[in-house]
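The next block holds one structure in the form of structure tokens; read it before the comments.
Letters A, B, C, D and E mark the chains in the order given here, with residues in each chain numbered from 1 onward.
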Amino acid sequence: MRLRPGLIADYRDDVAVFRSNVARFWFAVLLVAVVVLGLGGTLPLIPGLVDFTLTGDLLLIAVTAVFASIGAIGLNIVTGFAGQVSLGHAFFLGVGAFTGAILGGTEVTRQVVDLSTGQFVERTMLVGYDLDLIIWLPAAGLAAAFMGLIVAPVAFRLRGLYLAFVTLGLVFIGEHVFREATVLTGGVGVGRPTGVPSLFGLRFDEAGEVFGIFLSKHQKLFFLGLALLVVLGFVAKNLARSRVGRALAAIRDRDIAAEMMGIPLARYKMIAFVVSSFYAGVAGALLYTAVGQLEPGSFNLLLSIEFIAMVLIGGVATVSGSIMGAVFITFLPRLVKWLAGFWMFGFISDSPTGGLVTLAQMELILFGGLIVVFLILEPLGLYGIWIRIRNYWKAWPFSY
Amino acid sequence: GDDDAETTTTTAATTTTVAGTTAATTTLPPEPEVAFDLGVTPSPCADAVNEGNGCIYLGVISDLTDGPFAPLGVPLTQAQEDFWAEVNAAGGIDGWDVVITAENTIDAHYDPTQTAEGAVTLADRVLGLAQSLGTPQTLGALPTLVEGDIVAAPATWFSGWAFTDVDAGLIMESGAPYCFEAMNGMEGLYDLRGGTPFTWALVAFPGDYGGDYGAGAKIAAAQLGLGDPVAEILQIPVSFGGSVAETVPALLAAQPDVIVMVTGPTEMAQVAGGLFQNGMTSFQILGAGPTWNVALKGNADLMPLLEAVYVGTSPWAGWDTDTEGHAAMRAAAENHGRTPSGSYVAGWTWQYPWLALLTEAIASGDLTRSNVAAIAATLEDIDYQGILPTRTYAGTPNDHVVRSTFLNQADADTSDGLNPLTDAFVGTIAADFDLAAPCFVG
Amino acid sequence: MTQFLQALVNGVSLASIYALIALGFVIIYKSMQVLNFAQPALLLLGGYWVLYFATVWGWAFPLAIVVGALFAAATGVIVERTTLRPMVGKPVFAVAILTIGLNTVISVIALDLMGVEIRQMGDPWGFGFVEFGGLNIAHRQIAAIVAVAVLVGLLLAFFKYSRLGLAMRATAFDQEVALTQGVSVSTVFALSWAIAAVLAMFGGVFLGSGVGFERSAAVTALKALPVVVVGGLDSIAGAIVGALLVAVSETLAATYQPEYAPFLGKGFSQLVPYVVMLLVLLFKPYGLFGTKEIERV
Amino acid sequence: MRARLLHEILPAAEADGSPLLEIEDVHLSFAGVKAIDGVTLTVRRGEVFAVIGPNGAGKTSIFNCISGVYHPGRGSIRFGGRDIIGMRPDRIADLGVARTFQNIELFPQLTVLDNLMLGRHQHLHYGTPAAMIRFGRAAREEARNREVVEGIIEFLDIQQHRKSFVAMLPYGIQKRVELGRALAMAPKLLLLDEPAAGMNLEETEDMARFITDIRHELGIGILLVDHDMHMVMDLADTVLAIDFGRPIAVGTPREIQANQDVIRAYLGQEHAVADPGGAA
Amino acid sequence: MLALKNVEVVYSDVILVLRGISLEVPDGKIVALLGANGAGKSTTLRAISGLLDVHRGDLTKGQITLDEHRIDHLPPAKVVKLGIGQALEGRRILAELTVEENLRLGAHTARKTLDVNLARVYELFPQLKERPRFTAGYLSGGQQQMLAIGRALMSSPRFLLLDEPSLGLAPLLVQQIRDIIVEINRQGTGVLLVEQNATMALSIAHHGYIMETGKIVMDKPARELLDDEDVREFYLGLSSEGSKSFAEVKHYRRKKRWLS
């Protein structure tokens, strides 16, 4: 039987992630494009493409963006889908990051002076268990999810900004604990190396050949992140269009009415926090692997805010919006650097430190300014822009 | 051009060979034999002084806007820009100019993660780092540096840089490590106070800066018979959300004679101010090099009080000192409209090893990073134009580590706010200390 | 005992600074239901104006304060006009994030003006202190407490006797309704920003007096956040009570915790505001004096 | 005519007139205000029971007590024989109580379909892990329940609004969607709080028709509150009039319309003019 | 006189909601505006009071005048000052404020007459007078409606725009509100009354407009409307056979004449 494309024959198709071949086609195109971007200079077969691919620091940012996307999806689950504004995302990211670093990292010892003898003795500075990624990554997610489980009952009592503040308090408590537990975290201003991303012996933090293609460590991490993102993205999407997702949306929009539809508020708020924190934990554990270094102070209010900005600028309550937002915010400093280099900003001095405004200052101004301008011009976020573009092109090239 | 060369004779002196070939290199392309890979271009730098010279790019990772050492990071970085501008103005190094561009200057806010990220960002853009500020920060970036054979001059005096197993031979430190600076400081202060024992407190940043200096102070205190500190306070940088709110009451309660402050200038000023405001005046502060900043002398309320209590150590002499290097530095600062500061001296001084390294690498005909790194590990005869004694990186730490320190007093009448109390000296404790591992106290 | 009283005195003077900043948050929240994360930047810029007039131009300190307040108010109004006005009717969370962007921009400008070093405020108090029964009370602490008392009195009178107070609250709850009642929502917004900016300026002045003014003042400004939550986001009285509660707990913790509860870790006193906030919210979900959100079906 | 009747989509009850909801001497007050003051009533299967009374009389409060949002200070509420006082609202909903609200409480950012699917929440039997994977059970359950929802959409004649976000819909349609959402819960007892408020005549007629059909085809109990006397009197089997939370009269619509207390407190003398079908 | 001429309103730059509305409210008269849900009645009121901006709406054509002076595109605060008060659809009382605070807010532009007006409102609505300090959000629906109307009266408007004031009110109260509107009008205020309760509206209005999908389809003195066959069937529920029972409503209906 030949069906008219686009005709929905089954209710299942109606709620499918891709509702048409057009959508499927474009997703495939996007995925291939991203893979090509990541492969970079290693794909000599298509010489012309090399110029468009990511290398060097761009690739580093891309890796971060992919991992950040996972975290942003997590935040969108609790804040976008369930409407529980959380400023505590940095805390969950931190829990994941340090769990990953402890389980997947290496023990560090150091010679220190024993004052009584004047001799050097060895002391453990950092604990580490050298476990495989297959263990430490899920463990990082679970550790964060467990924290989410603990926080959820508190969140249940609070609304709006007051909830936001409790979660903000979490960030400060987290920072304090991270800062104090120096054998676990290295301490503030010092930090420790991240967990070693090694999956069954395949090292993602070292360059090497995979399936016959030589990949740099950042390329490897990029593809690892991409694979995880696709999986976790679909999981989130499934969740959103399930009874759970609808229940979360109901709680967000009208919690009292939701309860009278038979939705237990406490349980669902807990689910939202747990799932969201799991994503945060996974993202946190991976976020700094490309740089290789973690610092307790990184998991601060600013990081939480960056993630809120990702969700907001990307698009609230959408998975693809989360990704767009994460990519945008992660690339923004770089974009700003590039913008700042233009002649129009000629008043920026060539010297890194002198002049009316330095490059570093200009970067910050543009960063803040772009967020302001963006929110004024496009409150619906990148996802909103995307929908508008999509509606414009609708089904091309399958339009008929 | 010639006139300029005249006014910067001191710099030209270090690059006599370059000056001699200037005329020739301006018309000829750089030696084709010189091999290079990343961070080096045979084409001239943008806005090059010497159109015919090739270009060597150096990167900087510093604290420029809102970290605890931003007051130091800015003049430090400026000094390094100026250093190379002077070298280039004098014709460059044997056909090569050296630049630190705005693009290659990264503000890492004294954050190890951002420093590491900065290293990755710069990894395929520069030959090496003219500056990497902060000890834990530089340690965080080290894996990336090792991976890319990237040599760096640190803006830190960590004792670990003397060890090849710590720094992979890539870090070109200058001056005495914190550990020795603290030993000398304690010993010097002990002598200044007439050899009578005193009680002391330690206020230190977390990490190797605080740890290293603190270790030196403790080792010295043990040997001087001063005993343990009456208060030992880990001070989190104010810009990291730390506060002196606990430090001040703790010091008020402990009433130490001497407070060893291994912090940034802000924390030191706030602690001192807090103590004054609570009526505590009979104490002395022993500060490390980074604890002082020239801007403190502009505070008309605080400075008179500080003059009475503040003694600071430094690995080299201050702004107004009369050496060839200091004179060259002052001339450069004047050329570029910079104000005097201790940090400027430091930034300037740290570039001498790079000058020596580049000169030798160019002479060897190989500017690839691996070769540059190999030379750096055992570089010898580094001439500091009198700011420091000539030094080497070859041999064991005990062979080449520098142990001399200056002791200074806060003084509003000097250019950088510090007045030397001593010449360079090596105390007996520092002289005898066996540097078998990086200093750190358990 | 002296130690305890001293901690108490220090707590009260710290509270006066927190209260100034917290009131700025409250006023903007009252009119827009927005948390103004740009408050720290306004504090930096406001403090800078005073510092500039008092030290660079060498004006008398009171004159510097008055002109500084005018500049601060103007800054607040300009910011509101240019960036907040187009956001009328947009989701409050978007507006809150926008203020974060603003904070970045204004901070950079303020810091560029200030430079990275610690700067003298030009205040007349210096390190002077009075001794009082074994306690040392700094002149600047006394000044801060007095200034807060006066400013709070003025504000309370304003909300009580001017119809703008009610208009502000109405605007916060429902802008459309406020409009239909003839309230000029834009005047309300501009006014609240001007007031908040002036309060932030005073916060900056007292933070910067004595040791000097520098970037980390912005960090202190953020500590006013738990203060407003403890008091209730929209309560002026709450901001004062919250400030006292938070600041006194903080100074007491700073004095006693390292000795009596060292296991809580170093720098714990900095965490105390948030711990107090959590404890309060556990029992009072809308802070001590916050308006309860009305829910009815 | 409709292709399917409601009882082909939703489980129907035996309209045997047996008691479904029994409220006895319920009292509720808020900070001194007596919202409910000794209300007693029984709703039977297959019956439309109306509560009328002036604004602020406590009608909505009675609904809120039944749904578990308010907790009466005294009295008992039994549903299907079980005491439901103190139960959480979601548990009460699970027992088979569904309602609409005086001020529409739809989920504005969801589509009509999703709002109705939310009504099916308790009938979708799969957990969070299954939701994340979605293969198998979750997908099957979704499809099965979707069919029920489509049936209700058809019944309410809102097919063309299926995918619209409810916030964009006209008021009258929103009221209908809200009824649909309550229906989707397959309730045993339906609480309707002013279903015709703000509706024009045409829409009120539609609403009346839906209520009649639900009652006839499903045989469930319906508790109705509305100020449209014309509709209430036409649809209700029993009417309870309350004032200041106190019952003032109970009886058939005719009896109530003739009751002087009710006329004085609620209907007003003039109402007979505007409502010629009223009291004889 | 308040007049709209050929007013067109577009929401979000694309959704055309009013397609050339012309309407007049003479001083001291009650004008009823009837129409199905979504016809654009509330939009018409928003256009007058300057509230379109809030809803991303724009008046793209036509003009609104008050005594020959253009008032379209004026900010809402100005419109109120010129003497046009409005009670929004859905009550919109400020839930967190007290009853009296809500009323005081209504007097924002008329501070001098506050006491007089307050007394007048309390006289009109004794239920409000009983609890001036009650949190408005906990009032019952009908009490909230009284508060909303009362608040609009606090600015002593020349013209009062009422959007479905009878919504959710008990029959007795509908009668009271009706009387109150008449009373307000008698005191000299022109009223533009948007209503679903056509019986009530037409019983007191001097003139009536009927609106369908953004257009005025009929416009007659109220008395004539009451006699119109379509109006009787579709708005008043009075067909030629008299009123029918809701229990026996038909599933299909006669077409409205103006739609053909």
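Here are some notes:
Quick note on the criterion: a contact is a pair of C-beta atoms (placed from the backbone, for glycine too) under 8 Å apart; a residue touches a chain by one contact, two chains touch by 3 or more.
Since the structure is predicted, the reported quantities are computational estimates derived from the model, not experimental observations.
Think of each touching pair as a link: the shortest run of links from chain B to chain E has 2 of them. Summarising the inter-chain layout, the chain whose CA centre lies farthest from the centre of chain C is D. Centre-to-centre separation between chain C and chain D, using Cα means, comes to 50 Å. Taking each chain's centre as the average of its CA atoms, chain A and chain D sit 45 Å apart. The centroid of the Cα atoms in chain D and the matching centroid in chain E are 29 Å apart. Separation between the centroids of chain A and chain B, computed from CA atoms only, is 37 Å.
Annotation for chain D: residues 60, 69, 101-103, 105 touch two or more other chains. Shared interface positions of chain E, i.e. residues touching 2 or more other chains, are given as 138. Of all residues in chain C, those that touch two or more other chains are 108, 111, 266-268, 270, 293, 297. Contacts between chains form some other arrangement here, matching none of path, ring, star or all-to-all. Chain pairs that touch one another are A-B, A-C, A-D, B-C, C-D, C-E, D-E. Across the complex, chain E is touched by residues 1, 30, 52-57, 60, 102-103, 170-173, 194, 197-206, 208-209, 212, 227, 229-231, 234-235, 265-268, 270-271, 274, 276-277 of chain D. Of all residues in chain B, those touching chain C in their complex are 64-66, 70-71, 73-74, 233-234, 236, 238-239, 241-243, 245-246, 249-250, 253, 265-266, 269-270, 272-274, 276-279, 293, 295-296, 298-302, 305. Interface residues of chain A, counted against chain C in their complex, comprise 85, 154, 157-162, 165-166, 168-169, 172-173, 176-177, 179-180, 256-257, 260, 301, 305, 308-309, 312, 356-357, 361, 364-365, 367-372, 375-376, 379. Contacts from chain A toward chain B in the complex involve residues 55-57, 60, 110-115, 118, 120-121, 123, 175, 179, 182, 186-191, 193, 288, 290-295, 297-298, 300, 337, 341, 348-354, 358-361, 364. Residues 60, 64, 69, 101-103, 105 of chain D are the ones that touch chain C when the two sit in their complex.
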